[in-house]
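Structure provided below as structure tokens; questions to follow.
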Amino acid sequence: MRLSAKSATLLVLIALVALSPILFPSGYYYRVGALIFVNAIAVTGIVILTGYAGQISLGHAGFAGIGAYACALAPVHLGLHPSLALVLGAAISGVIAFLVGRPILRLKGYYLGVATLGLGILVSMVLNNERQLTGGPDGMEVPDLGLRGLLKDAGLDLTNGQFWYFFCGLALILGAWLALNLYNSPTGRALRALHGSEVAARTVGIDVAQLKLRAFVISAVYASVSGSLLALQNKFITPDVAGFMHSIEMVTMAVLGGVGSILGAIFGAAVLTLLPQVLTVFAEYEQLVLGLVMMLVMIFLPQGLLPSILRKVRGKGE
Amino acid sequence: MTALLSVEGLGISFGGLKAVNDVSFTVRPGEIVSVIGPNGAGKTTLFNMISGVYQPGSGRVVLGGENVTGMAPHLLARRGMSRTFQNLQIFQSMTVLENAISGYHLKERGPVLADLFGLPSSRRRAAEAQAGARELLARVGLDRAAEREAGNLSYGALKRLEIARALALSPKILLLDEPAAGCNAVETEEIDHLIAEVAKSGVAILLVEHDMKMVMRISNHIVVLDHGEKIAEGDPATVSRNPAVIAAYLGTDAGTEAAHADG
Amino acid sequence: MPELLQFLFSGVTVGAVYALVALGFTIIYNASDVVNFAQGEFVMLGGMLTFVCHAAGLPLPLAALIAIAATSAIGVLMNKLAIEPARGAPVVSLIIITIGASIFIRGGAQLLFGKQIHSFPAFSGDTPLRIGGATILPQSLWVIGGAVVVFIGLWLFFTRTLTGRAVLATSNNRLAAQLVGINTNFVMTLSFALSAGIGALAGVLVTPITLTSYDVGLALALKGFAAAMLGGMGNPKGALAGGIMLGLLESLTAGYLSSQYKDAAAFVVILLVLFFMPQGLFGQKSVDRV
């Protein structure tokens, strides 16, 4: 039997998460891997919003900020366990996306861009300015998740890097599984339909406003969870997580890798997360190279990196 | 039988220009009503008002006894209205099968969480829609193209795909905007049969079409528009003898076609 | 009252800069449907290159001219190398390309000019003028005057010259413009040159007040983008009005409410305007054609 695209994607992903550590020369690479997974979770949300539904957001880092600061604040102020703080952050992000999304999503193209941009900037401004609560631009500490200790008691002793690598890897696999389920489901089909033609989507009975809102809320939850996991593994967080550049990073990772497919977007997250690591030697040239990569890929491989590479490989096979 | 759709004094202006003015007619279940008229007569605009794409400036649209004037298209779809487009509105990057399945949206939709977690209920809904879509594709002769990307199909095939997608809603009334435009003679005849068959099953059909032979052959009733106004209506024989209609078409290809069809 | 006047002065000054950036957005958008997020970098380049030339011993007016000309050339290069090859790409791709260009230019400026903050002398001294109990810097008048002159110049250009009308025709319908013999590639080149030049001029005018460094472009681009959207993208009057309104909003919020949330006020107003007028204040309604 032929493997469905969904099973194939999941298998590739599981294999990557499980087998990559064999090649890691040092513990440092677990840390880089975990960062890639965290970014890939947010990017998977962007695939649902932009790849499936065709909507743009230049402010999703705002939701990552909410998720991150929920994990920093809720344990201290509400006495919540950090894992529940993650859930709380996701819920708040979802509710905010739901409330703001309905009026915003009536806008199209660049207008939607500026509205989401404003939303993200508002969140980052609150995080920067409410010093008593968030510590302002200096950031604040985030309590330990405590799960690694539990695993150790249970006899599984992982280094901090290893723990976060596998924990975030599992979270990404779960996130990708949900997004893949959605793709071929009635909801996913409706999202892709309205991406193709809103007028036609309406005439077959699709409530375009409601469906866009669902995609927006789901992608906001992805961004929020990504922000939470970043905060928890770094045990420290600054408002940069909600900044405009982080929003752009998410969209760029998704589109650079290939926003049409989950695997492509994850590939984009990996490339853009690795790029600064590779360039640390030439730290001065980092921005120059990043800007150049963004332009070149979009000009010469408009479908994104992974789809273009796959096409090349297949072309040679024939 | 009472009217399923009645259009009462419908009108709209764009920038002070009356595109459609005071147009009224009715469509009964199983009846094929055609709207004809020279280019720019306001046929598509009329369609767009009836189907909720444009807000009418004046008049009412009544569907099954309910006033649905200016109602959003997705709500009209729930009330049994379905349509195709003059210049195709296909979901280009989806497969032919997915395009047809999307017509089952109202039947297959369900809780979004069930869809996210791939629950059996979600998969069952999708499977049912897929089975229905495959049957419809067979009916319009596209079953063998099911897995192809819709954007790669020929124009005539896309026209049929749009009809299949519209039929998937099991509509009470089907609005077809030039279903045979750009199709060759064989394809036109196929569409011709399909429309007649659908009407026979009790669906009301409102048709805009330039192919006068087809219009004269299959319509029960014809409404003629010129410069946004209704200038005549009646059965095909009456309309084609109407002097105002002949004058409106005079000199155009459609006019000679109308004359031929009559003679 | 002097207090209010003071806030109005500073608001209009900042607003004039936003308006110039927004005008730059508008010109390129009209010619190509591209929102150029590198617009803020042109402002940075204008200030930075003037500083470099001035520091090298050139007189200020000559330094400013060289800076504006060089920035225009960079704008043209950007169009030829990054925008034209991507014609017809989806909005998301174009956003990434122009943001990539913006990051690229910023990275280059950081390498060439370092991370220091730079400035050069004001054109007409630093002695504030007293008007109605409030003060205004002579340089602010230069900024405001610059915006007014650019706006009038553009208006004359677009309504009174054949080339200007060709640009307008291209923005209305690219294909039709090509059919009547308008060289749309030239229109694109011209638009980028003009837009980059106007951005650079804004940088030259405002640097004595706000100073400049390699990273001032992004914030300006976002504000200019917001101003252009507020006014209604593609409408020069909207860009001017949107820019001035944004500047006033910021300075009044900073003065009466909270200086920390001055940027917030601007974006809250933009969100509200877009909720009720999805095409911006002066934008045109579009009708879906099906």
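Structural remarks
To keep things simple, chains are lettered A, B and C as they appear, and every chain counts its residues starting from 1.
Heads up, the rule we're going with is that a contact is a pair of C-beta atoms (placed from the backbone, for glycine too) under 8 Å apart; a residue touches a chain by one contact, two chains touch by 3 or more.
Chain identities (UniProt): A, C = Branched-chain amino acid ABC transporter permease; B = ABC transporter ATP-binding protein.
Note that this is a predicted model, so its numbers are computed, not measured.
When each chain is reduced to the average of its Cα atoms, B sits farthest from chain C.
Comparing chain C-alpha centroids with the centroid of the full set of protein C-alpha atoms picks out A as the closest. For chain pairs A-B and A-C, the one joined by more C-beta pairs in contact is A-C. With centres set at the average Cα position, the gap from chain B to chain C is 48 Å.
Centre to centre, using the average C-alpha position, chain A and chain B are separated by 42 Å.
If you average the Cα atoms of chain A and of chain C, the two centres end up 32 Å apart. Residue positions of chain C touching 2 or more other chains, listed in rising order: 288, 290. Residue positions 53, 85, 89 of chain B each touch two or more of the other chains. Among all residues of chain A, those that touch two or more other chains are 199. Residues of chain C that touch chain A in their complex: 35, 82, 85-86, 89, 91-97, 99-108, 110-111, 218, 222, 225-226, 229, 233, 260-261, 263-264, 267-268, 270-271, 274-275, 278-280, 288, 290. Considering their complex, residues 177-178, 181-182, 184-190, 192-193, 195-197, 199-208, 214, 218 of chain A touch chain B. Residues of chain B that touch chain A in their complex: 51-53, 72-74, 76-78, 82-83, 85, 89-94, 98, 101-103, 105-106, 108-110, 112, 114-118, 122, 125-126, 129, 165-166, 168-169. Put simply, chain A touches chain C in their complex at residues 50, 56, 58, 103-104, 106-111, 113-115, 117-119, 121-122, 125-126, 128-129, 198-199, 244-245, 248, 251-252, 255-256, 259, 284-295, 298-300, 302.
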